[in-house]
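Going in written order, the chains are labelled A, B, C, D and E, and every chain counts its residues from 1.
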Amino acid sequence: MNKMLLPTDVVGGSFWLLSMAMIGAAIFFLLERNKAAARWHTTMTLLGVVMLVSAVHYYYTNNMWLSTGTAPIIVRYIDWVLTHPMQVILFYVVLTAVTSASTALFWRLLIGSLVMVIGEFLGAAGYMSATLGFLIGLVGWLYILGELYMGEAGRVNAKSGNDATHLAFNGLRLILTIGWAIYPLGYFIEHLGGGVDTNSLNIIYNLADFLNKIIFGFVVYRAVMNDTRVNK
Amino acid sequence: MNKMLLPTDVVGGSFWLLSMAMIGAAIFFLLERNKAAARWHTTMTLLGVVMLVSAVHYYYTNNMWLSTGTAPIIVRYIDWVLTHPMQVILFYVVLTAVTSASTALFWRLLIGSLVMVIGEFLGAAGYMSATLGFLIGLVGWLYILGELYMGEAGRVNAKSGNDATHLAFNGLRLILTIGWAIYPLGYFIEHLGGGVDTNSLNIIYNLADFLNKIIFGFVVYRAVMNDTRVNK
Amino acid sequence: MNKMLLPTDVVGGSFWLLSMAMIGAAIFFLLERNKAAARWHTTMTLLGVVMLVSAVHYYYTNNMWLSTGTAPIIVRYIDWVLTHPMQVILFYVVLTAVTSASTALFWRLLIGSLVMVIGEFLGAAGYMSATLGFLIGLVGWLYILGELYMGEAGRVNAKSGNDATHLAFNGLRLILTIGWAIYPLGYFIEHLGGGVDTNSLNIIYNLADFLNKIIFGFVVYRAVMNDTRVNK
Amino acid sequence: MNKMLLPTDVVGGSFWLLSMAMIGAAIFFLLERNKAAARWHTTMTLLGVVMLVSAVHYYYTNNMWLSTGTAPIIVRYIDWVLTHPMQVILFYVVLTAVTSASTALFWRLLIGSLVMVIGEFLGAAGYMSATLGFLIGLVGWLYILGELYMGEAGRVNAKSGNDATHLAFNGLRLILTIGWAIYPLGYFIEHLGGGVDTNSLNIIYNLADFLNKIIFGFVVYRAVMNDTRVNK
Amino acid sequence: MNKMLLPTDVVGGSFWLLSMAMIGAAIFFLLERNKAAARWHTTMTLLGVVMLVSAVHYYYTNNMWLSTGTAPIIVRYIDWVLTHPMQVILFYVVLTAVTSASTALFWRLLIGSLVMVIGEFLGAAGYMSATLGFLIGLVGWLYILGELYMGEAGRVNAKSGNDATHLAFNGLRLILTIGWAIYPLGYFIEHLGGGVDTNSLNIIYNLADFLNKIIFGFVVYRAVMNDTRVNK
């Protein structure tokens, strides 16, 4: 058993909350999968796997925090290396559920998301200069945004004529624009700005993950269920 | 392995009992989900997730009690921050299973329940004055009751003309009125009244959770199964 | 890791055997559930949950035994407080699967079983005199038997005209008559008679649980599968 | 964490391999269950439960080996007390999937298998003379073989006229004849012959379990899938 | 709890990443199984089991690394002894999903893969000369390649006339040719060449497993889903 969670330990409390919320969300999405129309099953599977992988990481970090009072930032990056590309690929999966998109789009989105997380990872872990890592990560993120607003992904969405897809696509794109901005921002402040105390950074990243994973998930869920009701 | 559970340890026994009952209830609801009519699946999923999240918290607290003889109250609040909003949202999910309710109702119920638990949490953890936290929590709870008795939720229920929904809605509303009163009451006694010994408080809260989660769950379950039998 | 299980440790061996048998039985019933006709699903779910809750308790007690050489009797009582009412309710569930029984019967069976286990529990844990607890427990048990042989439950079974129900009902009633007699008997010998060495008591209770849970479960399973084959 | 597994530790390696293989086989059979025709579902469930119970025992023994360098033989016997009767009952389940066999056959096979494992268990654990336990175990095993080659089981198989049943029945019978001979042989050498070093015995028993459980399982699986393809 | 994962610990990070990726992939394939056409179910089951067994091994090795700073190479070999034959058998399963292939092919592939892994295992663990083990392993691998390019497997694929099968078969064959070359190469460098520092070897093997298991799995997945869409 670990140390006791204290009421004054906001960071520890937020880790705990996130780990439980991720477990709950994972089970929710995985169970509701079979209520969705069959064409949305892969979407729901991917959502569930994102939540589950995050749940394992938060559960580990929560235990680590309770026993040592620190939370290794590297575990966050490993989590993001796995879950961020899965989330970007969700755009492709959502589009191909109701319309057709080129395989090239899949690869462009995958590579863009890998450039983003690996760039930030290499910079944060010290394998390259923090500035270079930041810039590479930024390029990956901006490329994805370009793809979503002006590239093939955006065009496919526009002409799909499916309300559910529009809803999901626009909601997710908004989260990717605003919510994901927290990651380079946190990175910038931590490594290039004046620095920030670790506790604030952990709380900010926990809030970001809550928005960018769980709220993200429910935006998709709502669109999937709307479409299942209408077009079944 | 932890210390031995003693026959004289009523608090420890009640933690143990609750953790096992929550696990059993979680598995029961999750399995019976596929026996319910499809329109009730989300209801059952939500019930199962509430039980499962509670089970993890009680399992942790039970272990903590066995190894240290104390049970961190903050873990209860984190549990409530997650499960109480889910339970309030169940009203919305139950209503939309058989009739239509506005999305605004969903948001009002969610926000009301968040105001309630976050108010109490901030007061209990010492982030604001105990009195202020108590009052904010009270406002959230009373708002939800108003919504259920006199607001849109109550009206939608009244005109749904579905016996199962009436049964569930009225049963749940009664639990939210009487059973949930235990939480502000416990809070008041603990923080504002003369105080109470921790053991009594733990037993009271455990009984409250048994009523407000497990009995709550079976009220929903019974209504769902009645409706499945009649309207399948 | 715990201490080693020795060949000469009959009590430890029986705990181990029971914990594995309960896990195996739980998985068996939960998997075979979807082979049963839909009206028997709740019956199978309840069986699986009984086994699973027992499996957790036996698994815990087995570990406790291996690490300390003792097995807290209070854990047995908590297990029985949860599983015995569930088993008594199985009579109601079995009857309502093929015929109709009054809701009052459900409550009478539930209350009877709670009187039985809570009476014994309070006496065994020392919250009331051992004799009084014994008598209260006895009253609960005899009331259930009366209900099953001469009360509404017996009558509903007699006129159900369903072979599977007869088979299950009579088999279960026999187990409740003979097998459950071991609990008040063990209680009497331990608390009111001359006492008995703990090891013998543990082995007797383990054998009783094997009969009253696992064999009990397979009696129900056989009836369910016969009825599924004949009346599908 | 336990000690490290060394490349030179053949016994430890074989425990590890077996525990992983059992887990893999359990999941494989449990998942493939719903691909089999409905009449084979109980067969597949039983196979999965046998593998799962074995997996738990091997997982425990593997951990025990890594932390203490010994493997309690009594855990093997408890495993066999549970899994060998289940495997013998598989003959009955396989026969009743496609033809009818008397309930008496079920009881004769169950009792024969219990005589076999309990006899060996009592002898090995020292509750009766090693020779007597050996002979009782031998009688149980030979009785089962007699039943399978010349008794009702053999006759039911012969006249079932189902290729899949023949295939499974004959394959399993061969494994019971040759593979299960390892158990009395190992017992004889260990307790009545000149003895054998524990490491060799562990490796022999691990190989025997691999043949008698996993290969046994795939013989059934192949027959089930052939029959599902042909007679669906 | 184990030691903290440091940003500079590339080996530990890659173990962590692999263990999480394997868990995610296992759950993904097992869930998507029921979206595939029924004839592909065994393929998906096998994929899921391969990932799950690997996940357990990587999870163990990751913990071992965090607590001791070393990763026992023998655990890799046990993993390969189990998963490589399963992967080779996937060729057979993929072929028999849409066309017929001789049972002899199954046995030749199984034996070839066992020769490969057992040869390498015996050499690496020191039970035979490193050179002999290397050569035996090489023979097994080359035999499988021969079977896939020029033997029955290749011919069955060529004449199956099923696009999905061609896609999967050719993709897997490419991975077996290029990706699996890493194992004998690593073996050669480690045991016969000048040696290599353990850290580099671990990273190389982790990358190899990522390609040869997870990418391998998604090649199969894509073919299965294409075929399900076209020929359902």
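Quick note on the criterion: contacts are C-beta pairs under 8 Å (C-beta built on N, C-alpha and C of every residue); 3 or more make two chains touch, one makes a residue touch a chain.
What you see is a predicted model, and the numbers here were worked out from it, not measured in a lab.
**Q** How far is the middle of chain A from the middle of chain D, if each middle is the mean of its Cα atoms, in Å?
**A** It comes to 47 Å between the two C-alpha centres.
**Q** Averaged over CA atoms, how far is the centre of chain C from the centre of chain D? Could you give it in whole Å?
**A** Each chain's C-alpha centroid was found; their separation is 29 Å.
**Q** Multi-chain contacts in chain C: which residues touch at least two other chains?
**A** Where chain C is concerned, no single residue meets two or more other chains.
**Q** What topology does the chain touch graph have (line, ring, star, complete, other)?
**A** Its topology is that of a ring.
**Q** Beginning with chain B and moving on to chain C, name the chains as they sit around the ring.
**A** Moving around the ring in the direction of chain C from chain B, the order is B, C, D, E, A.
**Q** Can you list the residues on chain E that touch chain D in the complex?
**A** Interface residues on the chain E side: 2, 30, 33, 38, 41-42, 45-46, 48-49, 52-53, 56-57, 63-64, 67-68, 70, 72-75, 78-79, 81-82, 86, 124-126.
**Q** Within the complex, which stretch of chain E touches chain A?
**A** So the residues of chain E touching chain A come out as 1, 4-8, 13, 16-17, 20-21, 23-24, 27-28, 31-32, 35.
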